[in-house]
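Encoded as structure tokens, the structure appears first; notes follow it.
Chain IDs A, B and C follow the sequence of writing; residue 1 opens each chain.
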Amino acid sequence: MKALVSMTAHELHDKLVNREVSALELTRAQLAHIEETEAEIESYITVTSASALKKAEEVDKKIAAGEEISPLAGIPVAIKDNISTKGVLTTCASKMLYNYVPPYSADAYERLLGQDAVMVGKANMDEFAMGSSTENSYFKKTKNPRNTACVPGGSSGGSAAAVAADEAVFALGSDTGGSIRQPASFCGVVGMKPTYGLVSRYGLIAFASSLDQIGPITKDVRDCATVLSAICGKDEKDSTSLHVSTPDFLGALTGECKGMRVGLPKEYLSDAVDPAVREAVLSAAKAYESMGAEIVECSLPMLDYALETYYLISSAEASSNLARYDGVRYGFRAEGCEDLDSLFLKTRSEGFGKEVKRRIMLGTFVLSSGYYDAYYKKAQKTRTLICQDFARVFETVDCILTPTSPCTAWKFGAKSADPVQMYLADICTVSINIAGLPALSMPYGTDGEGLPIGVQLIGPRLGDAKILKAAYALEKGGR
Amino acid sequence: MAITMKEIEHLAKLSRLALSNEEKERLTGEMQSILAFADKLSSLETEADPTMFAADGKNVFRKDEVKPSLSPSEILQNAPQADMECFVVPKTVE
Amino acid sequence: MKYETVIGLEVHAELSTKTKIYCSCENSFGGDTNTRCCPVCIGLPGALPVLNKTVVDYGIKAGLSMHCDIASYCKQDRKNYFYPDLPKAYQISQFDLPLCEHGFVEIDTDEGMKKIGITRIHIEEDAGKLLHAEGANFSLVDYNRGGVPLIEIVSEPDLRSPEEALAFLEAIKSTLQAIGVSDCKMQEGSLRCDVNVSVRPEGQKEFGVRSECKNVNSFHAAARAIRYERDRQIAILEAGGTVEQETRRWDDTKGESFVMRTKEEAHDYRYFPEPDLMPIFVDEAWKENLRNSLPELPSEKKKRYVENYDLPKYDAGLLSASLGLSKLFEEAVGEGAKPKTVSNWLLGEISKILNETLMEAEDIPFGGKALAELISMIESGTISGTIAKQVLPEMFNSDKNPKQIVEEKGLAQISDEGAIMEIIHGVLSQNEAAVNDFKAGKDKAIGFLTGQVMRASKGKANPGVIQAKLREALEALK
């Protein structure tokens, strides 16, 4: 029999409703499994056992009282440690926030609490979400549960590893340039970045405001749709939150994709992509064809400029977003600061890690006088072209199929030496954030070493239901 | 473009980062390669309007209605140093 | 050589909205430290700004009242710099696309009315406050003021003297008060300005090198800072030197300014569009709605006072510039008081009390009705002008009306001829010398004796009656 902790949220929901298991039993089983697994995987920065057990008891009371419970009630969830959780340590995996306990909660987390989900811990990540391997965490190195010699991907590596290692039934991550999708792909789970503005960013500790988006990491597509339904919606506290009625994501999961037009852009299948990954994408395309979808070969030539555009815009915004960490109001303050200058300089130099400093320097550079037009403004213009590129293709297709990452999980340290090599690994995901589109990564096969491969489905703006529909069809009938 | 050590020092000052000589040298090299990689954009000729906002919204406003603030203890709970219901910093030069 | 002074001003006015610009914390002054703060206005990680619509309304109103073009499209930008009072280490402001541009205000000068150009008006957030304890080696930060909405009004370099600068500041203040967007209380720092000054030899077309002076916290300080800077620059030029472009800091107690940073040290603010906020589109309907809601502006009011009430221009100018005084004026006149008399009281005794107590005219505790009552008591002979000047401070200190005060204090004027004659007889019997002077034909003695009678009546005797009766009594002695 399948272990409780390895089940999906919808399977567990049925068990809770049918009283085959109580929320408390489930949470205890989850915490026990974390206890066993954590030494090896290190998904979490903080495990919140006490509050989890308390929440589970509340859910059991509701069940006992005959109340109807929400689909996520009693389900253990891991929250990425850059999502503010009132009263619970929220570090962004940085020394800078090693002791920061927010006095308020992120909107997405509030919504999960409203659904009675049970948070079991705060997941590890790259410091301030800057990285693609979770090696940039100040606290620990999370291992890929599929092969512990490999990185779990990043920056939401802790969230993806927790779900893959059954240390949580699902997780919330954040995605600025692929930070949900790439670790989901590396760990063999489902991860989705919703349309920009669909999920409130209020309480998400900003990396790059115009690119950041919270999204689900789950064990299957149905759970992904369920979690997205729970966390999305207009938030008056986020000016960029969209005013749209929530689409019926679960209703879109028909298992069919007949007549759907699936774009296959040639630029995403270049020689820079591992052969095994390319094979997986092509075989997914074949699967779609066999299910009655139409494969449309298309071109997104602006991909060539996506990474540069992404790194300039995201670093510029980050340099400003991370300026507030100055040792005055919260978090780390360096010892022995005699004057203001040394307070700022020492605190920021000792509090931030290497990669974060690198991006702050780059961002400061592109915004500084004399370089703004050549770099930042140019990147904003290229951003327009990238958006137009996608808009043109979406005139003829419903969704686009690509690899999530050009490669599978790499070994620890393999790309740490050269920042540009690390940046290149984000080639398939960053343009989606630049254009504000929804995209989902789902496992589709493995490479020669048995490491999971992820395929990415990209939708038009607010086409979140479309890609869930396509993903669900592939998950059901795509083998 | 080439980036000099002097520029690195200027950027570090603007960013309030104190860098060791070793860090400065490393960053000079790294920034150099990142910028070489970013220089590709300058070869792209375009008259496109810059995208300044990620969403299409406009006129997103809040009503001018008072809502409760946090308590001073919540405001100060994370302060590295606090006194007299205020954040404490080294004396600012007046 | 003769020099011309060229002055441009940047005025920051706090808007009197109920809440802050980007969060729902109360916008008010005073109170305990850090009590009007939330995740947004202390810049907690993850908190996001949402723009208060009333701030935009007020900004547009200010623009319309100063004849500006209102931008149909504008945005907000981040201005990046580090300081402990700036919680996010950036100020949300407006950079290249301000809300209002290309306006003017008119000021009265010796050469007549002069138009002073308004370059732009933009909206932005205020910073918190640093508090310095005496002798301590640390400073305290209070973020109550952080996120209070400001408009920054930037003038063209059209001003030519400290007096013009003062007139401009008065015009800005009275306009903002009249349209109800700022209370402009200098004592509470809700109006502050930066002063840009340069000098050039008279007749020269090009501007000289300018300096910017910060920390100017009163109109008085603005005029002093300008004079100081003008003299400093002229002295440099006269000595054959060159003026440096720099930012200086005004020290009002010392009456001097000091270099804050040179041109080379100028900040690189790295402005870029604020990605957490959406752009602002102002359509005609919105603009017209606000235009129609604007009250009479001080310049229009001044004209009306001259035309309808026959007030001297000087009186009309002072009254119309103050929301508090013009309100009292119109109320009192509405009660039937003579306009010029009301104006004399407002600009005389009442303004004197305001100056002495550092009170704003808007805070005067009585209304125009009470003022009219006071005036009517003088005119009916119930009290003298001298007594009225004693009643007035009571009106500031209590909520009693003048009649009550006069009754309770027994200040009513004595007009009873018999009673006054009795006092006169008493005075005459004690001042034989003066009486003899009068008899000897020295009419001056009457003045002295009048004063003595007034004093003996504790100021309550009707002066007209004294005059008539005193002469009668003296003539009888002849």
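The rule is simple: a contact is a pair of C-beta atoms (placed from the backbone, for glycine too) under 8 Å apart; a residue touches a chain by one contact, two chains touch by 3 or more.
The structure presented is a predicted model; accordingly, all values stated were derived computationally and were not measured.
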Item to check | Most central chain, judged by mean C-alpha position against the global CA mean | outcome: B
Item to check | Of A-B and B-C, pair with higher C-beta contact tally | outcome: A-B
Item to check | Most distant chain from chain A by Cα centroid | outcome: C
Checklist entry - Taking each chain's centre as its mean C-alpha position, how far apart are chain A and chain C in Å? => result 56
Next on the checklist: From the mean C-alpha coordinate of chain B to that of chain C, what's the distance rounded to whole Å?
Outcome noted: 39
Next on the checklist: Averaging over Cα atoms per chain, report the distance between chain A and chain B in Å.
Outcome noted: 23
Next on the checklist: Give me the residue numbers in chain C that touch at least two other chains, ranges are fine.
Outcome noted: 39, 42, 50-51, 82, 84, 141, 268, 270, 275, 277-278
Item to check | Residues of chain A whose C-beta touches two or more other chains | outcome: 100, 103-104, 209-210, 236, 239-240, 319, 323, 326, 328-330, 340, 344, 364, 368
Item to check | Residues of chain B touching at least two other chains | outcome: 14, 16, 52-55, 57, 60, 62, 70, 75, 87, 89-92
Checklist entry - In their complex, what parts of chain B are in touch with chain A? => result 3, 7-8, 10-12, 14-19, 23, 27, 30-31, 33-35, 37-38, 40-42, 44, 46, 48-55, 57, 60, 62, 70, 74-75, 77-81, 87, 89-93
Checklist entry - Which part of chain A faces chain B closely enough to touch in the complex? => result 99-101, 103-104, 196-197, 209-211, 236, 239-240, 242-243, 304-305, 307-309, 311-312, 319, 323, 326-333, 337-340, 342-346, 348-349, 352, 357-358, 360-362, 364-365, 368, 374-375, 377-385, 387-388, 418-420, 423, 436
Item to check | Residue ranges of chain A touching chain C (in the complex, touch as defined) | outcome: 82-84, 90, 92, 97, 100, 102-104, 106, 201-206, 208-210, 236-240, 316-317, 319-320, 323-324, 326, 328-330, 340, 344, 364, 367-369, 372, 376
Checklist outcome for this item: Seen from chain C, its contact residues with chain A in the complex are 39, 42-51, 78, 80, 82, 84, 87-90, 141, 268, 270-272, 275-278
Item to check | Complex interface listing, chain B residues touching chain C | outcome: 14, 16, 52-55, 57-67, 69-70, 72, 75-76, 83-92, 94
